[in-house]
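Structures for review follow.
Two complexes come next, and they have one chain in common, chain A, joined by chain B in the first and chain C in the second.
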Partner chain A sequence: MRDVLLNLMLRALESGVADYVLTPSRGPGGTFPWILVNDVRLLDRAEPFPPVMYVQGAKALASFARSPFGGKVLAVMRPCEARAAVELSKLDQVTMQNVYFLTMDCPGAVPVKSYRNGDFTEPDPGEPESLRPLCRQCTHFTGAGDLFLALHGGPPVFRPVTGSGRELLETLGMETGEDRAEWVEWRDALLRHRKEARKRGMEDMRRSYTGLGGLARLYGGCISCRNCRTVCPICYCRLCFIDMKDRRSPASDHLHRSGERGGDRLPGGTLLFHMGRMAHMSLSCVSCGMCEDACPSDIPVGRMVSMVSEKTAAVFGYEAGRDTEEPLPLNTFEPDELHEYED
Partner chain B sequence: MTVGKRIGVFVCACGPNIADVLDIERVAGEIGKLDGVILSETFGLLCSPDGRKHLVSRIRGNDLHRVVIAACSPRDHETTFMKVCEEADLNPFMMEMVNIREHVAWVTPDRDAATEKAVRLVRGAVRRTMRHEPLEKMKIVCNPDTVVIGGGLAGMTTAILLAEAGRQVTLIEKSDSPGGFLSGDRRVAEPARTVSSGKKGIKMLLNTQPEEIVGFFGNFVLSAGNMEIKAGAVVLATGCIATENGGFAPAEDFGRLAELLRLPLDDEGFPEREHASLSPLATPIEGVYVTGCAGGPCFPEEAVARSEAVAGAILSSLVPGRELETEPRTSVISETLCRGCKTCLEVCTYGAISFDAEKLVCGVNGVLCRGCGNCAAACPSGAIRSRHFTPDQLRYQVEGLLR
Partner chain C sequence: MNTKIRVLETETGVRETLGKFLVRLLESGEVHSVFALRKTPQVGRFCRSLVSDPDLVDELVPFLPVMPVQGAAALTALTGTEPPDAPVAVLLRPCELRAFVENVKQAQGSLENLFIISCTCPGVIPASVQAGKDPGEISMTGPDNVRSTCETCTQLVPGPQADMTVILAADRETPGTVILLNSDRAVTLAENFGEGSIGTGEDGHARTAETLRLRKEAREAFLAGGPVAGKGMDSLVSLFASCIGCRGCREACPLCTCILCDYETSRTLPSPELVRLETDLRGALRVPAGTLQFHLGRLTHISPICVNCGQCSDACPVGIPVAEIFLAASVSVQEALGYEPGMNPEEPTPMSTFRPDELGDITD
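Up next is the complex of A and B:
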């Protein structure tokens, strides 16, 4: 299947459909840095199916494709990465102009920790134990971007999603017919299974971490390293609210609090950070699991944000990463809505 | 400029309005114990001439740097007390009002609860004023000129009336000749000659359509082509058209014009009015008027009458030499923090924000900004500060309130 993808990248570059290919590659020491390939000879370094996620693809794309540029890019990434790019485009952090997104039936990713320890098997949706917790409950494992590679129910085949994906395939003289029945069957079965797993996972979270006490327990072990924020494609601020000087209390407030309650926890704001982060970005969370994988304290941050995201998005009938034209709920003013939450 | 921290607190009895419900002596007493509070006292009616005189002498006599006034709604008397500060040579932005009438006395019947609530609110305000900084108002002279959009009978009549009263008018017409709907009719022949003559202070721009309109009453800037037209008032005289089902609709490009002005429209697409019967020709935007069929279908006689009313309204409100104070409580965008997402651009109803395509950041035009704070609330990256409503000031206030 790697060959099939490499072949498409090659043909895209040779035919001029794309001028550059953005893809993970095989780097030194078993790493997978993103590269922007222009010379077809470099394509043999491409590794579109790394077993881990080191840098979220949308972050890689946003690192250079902030505003419109000349030339066309074929970006090869996982569904959650392409969906994160959709979210970033809504806030002008990435341009979708001149970018084709090529995704695949995502096999999932293994935790970076197990990968580095050599303690992993190649990701396989059929064997969820090896996958990262959010991959195990991922319901968006296929059908993202402009086109994707269908791996199941027969030999690998490219499938168009959007008009420009269809055009790309047609230009390269490739089939764009109907989805094959075996693939549809595979997708539906996995989807059922994943929905079930997600439901169970969310129930677990809710049982374990209900209320302020539950949240305090969940984030109690947070070492405030902010890794979760750094690796998240959606957290793109230059300076996070929690690090702004004017969000700090003066000494007198801490002393006062300590005096009133007998003590004050320092540095404070752990809960505030996580609640604030959720309030800022959870509607755009694409459940990519980067945050959770990066947490040195094994806190299920990703599952928490993802769960909150699903609930809040449902209020607005919103789905992160679905459509660039779908406006961000918090940026849309509706004079008449949400009366059910009044009083 | 660093300002000292001597704070004075004045609690108003508001006749019986406040004093009957809560114990204002206790409020003043509690607040008097706070750090930095030099004096904390009550008074019968602070907004009365006596009250104002009293305030001025107390501020001066005690060399106060910051003042908290616990009284009624700022809607009623903020400007009153700001003036008092100015009289006492205190920057008016060093004053903070606490609404212990509407927010406490009128809604909290229990005496103890009301008193406690007032103490907390005033404590928040005391802490807030500690973080206040003096802000300076700028004065700009308002522009007495008018721009009229649409060169039909109504537009021409308005322009001629204003010009006859000695005002400069720019008349913008999208086609290549004036006349509009009545073109060729003898009723527009004379006005068309007048506006085309180039005399009398009317400048006519043919084949022209506005591309951008920013600003506010007394200070509009309209761009068309590569021209910038400055005016104090804008008159919309763009006419209307008959629809297929026998009704009427505004001229085709009126929607676009309304968008440039951020003018709210009714269901039929005509502009909403400030007040349907009192001022049927003034729109909700101060300084923007409609005349002729742009405000709904009418006969030529009525169009002329409407234009007379509009010209009259402009002549009486837009007096040459009148000064406008700019709002110093504006917002500022930090170039270092801005991610250029343009969210603020969309929410600013005053067109005060623009995007710098080179630096990929947004910036606020301080003269156009009215300090509504929309942008600061909407910025997902915390890059915008509203002066006088900084996070620092707000958190000080909230912490003071919660203590």
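Up next is the complex of A and C:
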């Protein structure tokens, strides 16, 4: 399957369909950094199926493609990464102009900590125990981007999703016929299974961390490293609201609060940060699990954001990463909505 | 070395003695609040906290060898905009105190109205080891598996800002609790405490001379064989290859106090044009670009004042030995600058001082 993808990257570069390929690669010491390639001889370093997600692909793309890049880019990434890029395009952090997104039937990713400890098996959707918690309940494991590589129900085959995906395949002289029945069967079966797993996972979270006390317990181990925010593809702000100078309380406020309540945690604002972050980005959350992977305190922060995101998105009938044309709910004013939340 | 100083000795253990002492400070109104490590039963994890209610002193775990947040970072959050308007008793490890003194020099905090209780430090255990442990399971005076930066730390005695020094690391184990009274205020508060006996005894250095010798040996061995010893750029590239760009090292660092890091500014982040140019030149480019630039840049900014607390390594989710790299660099940088961070709030930081006649031996 790696060879099939590598071959497409090669043909895309050689034919001029793309000027650059963005792909994970094999780096020193068993790492998988993203590389932007335009020399076909360096494509042998590409590893489009890394077992881990070191950096969210949309973040890698946004690092250079905020404005038109001056060349066509073929971005080879996981479905959740391509979906995050869709959200970033609506937030003006990524341009979709001249970028083709090539995804695959995603095998999922293993936790980066297990990978670093050498305590992992290659990701396999059939073996959910090998995967990160959010990958185990991912229902968007295929069909994202402009085109994708279908791996199941027969030999690997590229499938178009959008018009430009179809065009790309046609330019390269590749078949664009119907989805094969065996693949559809595989997809539907895994989707059923994942929906069940997601339902169970969400119920677990809700049961374990309900109410303000539950949230305090969940985030109690937070060391304020902000890794969750920094690795999040959606959290793009250069300066987060929580770090702004006017958010700092003078010592007298802390002492007053401590006097009133008996004590006052420092640095303060742990819950404010996590809930504020959810309020800001949960509608665009693609449940990639990067935040949870990066948490040194092993807080199930990704599962919490993902659960909240499902609820908030449902209120607006919105789905993160579905369509670049679907407006962001918080950027859209509808005079006649949300009456059920009014007094 | 044989300075005799005033000493408070009690027959009870450190946790009990300190607990009683802190309750006494709060009840008598000698301090408004106590700033220490805490483990609340509701949350069940360690944190830094102010405590004003004497009944909550039970939830404090003073000097438990864990560091969920570097004390200087938390104290900087408290005093960064103004000093407290009432006295606060502050419990800090020596490296936390030194980091805080550095922040005070950078106008990020204030020593005013703080009564500082420190310790001779046996080190702290890494976050990965402490997870899920009960405070009772962890030894206060001789924890196992301390951070590598603690094993090699030669500044286990707090600086002169400490009003009190609780003897934890010591060459000879003593029953009960020994607290050095470094200031007149400390003597007064110890007298008002009414427990134990006050006499004179050896200072912190005399009590830890042998421990220091062993730490020095460990440090020499580390510097000779550590992860970056005698290696060049390739070694740095490999060490930081697994960086996921989470910036946890920077956020956890008590000294990285900039609101907006230089490496997040538009003038430093590579432009699309530069990324394209570099990709065209090299054939391929790692993106996001600037991983090594960030780490080396942070090393440049922090190594002159780094106190080697090890918090950066704790926050790294992929296990890069950040703190060890900073240790190796800061030892030589601080030696070249003749600077010892965190010892004297009046001494200017080397990077804010221009001397035309310095560093002749490392210039052409």
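The rule is simple: the second predicted complex is superposed on the first by the 343 of 343 C-alpha atoms of A that agree within 3 Å, B and C clash if a C-alpha of one lies under 4 Å from a C-alpha of the other, contacts with A are read in each partner's own complex, and residues count from 1 in each chain.
The definition used in the following text is that a residue touches a chain if its C-beta (ideal position, glycine included) is under 8 Å from a C-beta of that chain, and two chains touch if they have at least 3 such contacts.
Quantities reported herein were computed from a predicted structural model and do not represent experimental measurements.
On the shared subunit chain A, the superposed partners chain B and chain C are arranged side by side without overlap. Ranking chain B and chain C by residues of chain A touched puts C first. Once the two complexes are overlaid on the shared chain, A:Asp92 sits against chain B while remaining clear of chain C. After overlaying the two complexes on the shared chain, residue contacts for A:Cys106 are found with neither chain B nor chain C. Judged by the touch definition given at the top, the superposed model places A:Ser67 against both chain B and chain C. When the two structures are aligned on the shared chain, A:Tyr236 is found in touch with chain B, with no touch to chain C. In the superposition on chain A, contact is made by A:Gly268 with chain C only, not with chain B. By the touch criterion defined above, A:Val305 reaches neither chain B nor chain C. Looking at the shared chain after the overlay, A:Ala82 reaches neither chain B nor chain C. Note on the composite model: angle chain B-chain A-chain C, taken at the C-alpha centres, equals 90°, rounded to the nearest 10.
By the touch criterion stated above, A:His280 is placed in contact with chain B alone, chain C being left untouched. Of the two partner chains placed by superposition, chain B and chain C are both touched by A:Met244.
The gap separating chain B from chain C in the superposed three-chain model is 7 Å, by closest C-alpha atoms. Once the two complexes are overlaid on chain A, the chain A residues touched by chain B in the first and by chain C in the second are 66-67, 238-239, 244, 249. By the touch criterion given at the top, residues 20, 22, 25, 27-31, 33-39, 41-42, 45, 54-55, 59-61, 63-67, 69-71, 112-113, 116-117, 213, 216-217, 220-221, 223-227, 230-231, 238-239, 243-245, 248-252, 254-255, 257-259, 262-268, 293-298 of chain A touch chain C in their complex. Of all the residues in chain B, the ones that touch chain A in their complex are 336-343, 346-347, 360, 378, 380-383, 390-392, 395, 399, 403. By the touch criterion given at the top, residues 66-67, 91-93, 236-239, 241, 244, 246-247, 249, 253, 256, 260, 280, 330-331, 333 of chain A touch chain B in their complex.
Per the touch definition, chain C reaches chain A in the complex via residues 32-33, 35, 38, 40, 42-45, 47-53, 55-56, 59, 68-69, 73-75, 77-86, 88, 127, 131, 237-238, 241-242, 244-248, 251-252, 259-260, 264-266, 269-270, 272-273, 275-276, 279-280, 282-289, 314-319.
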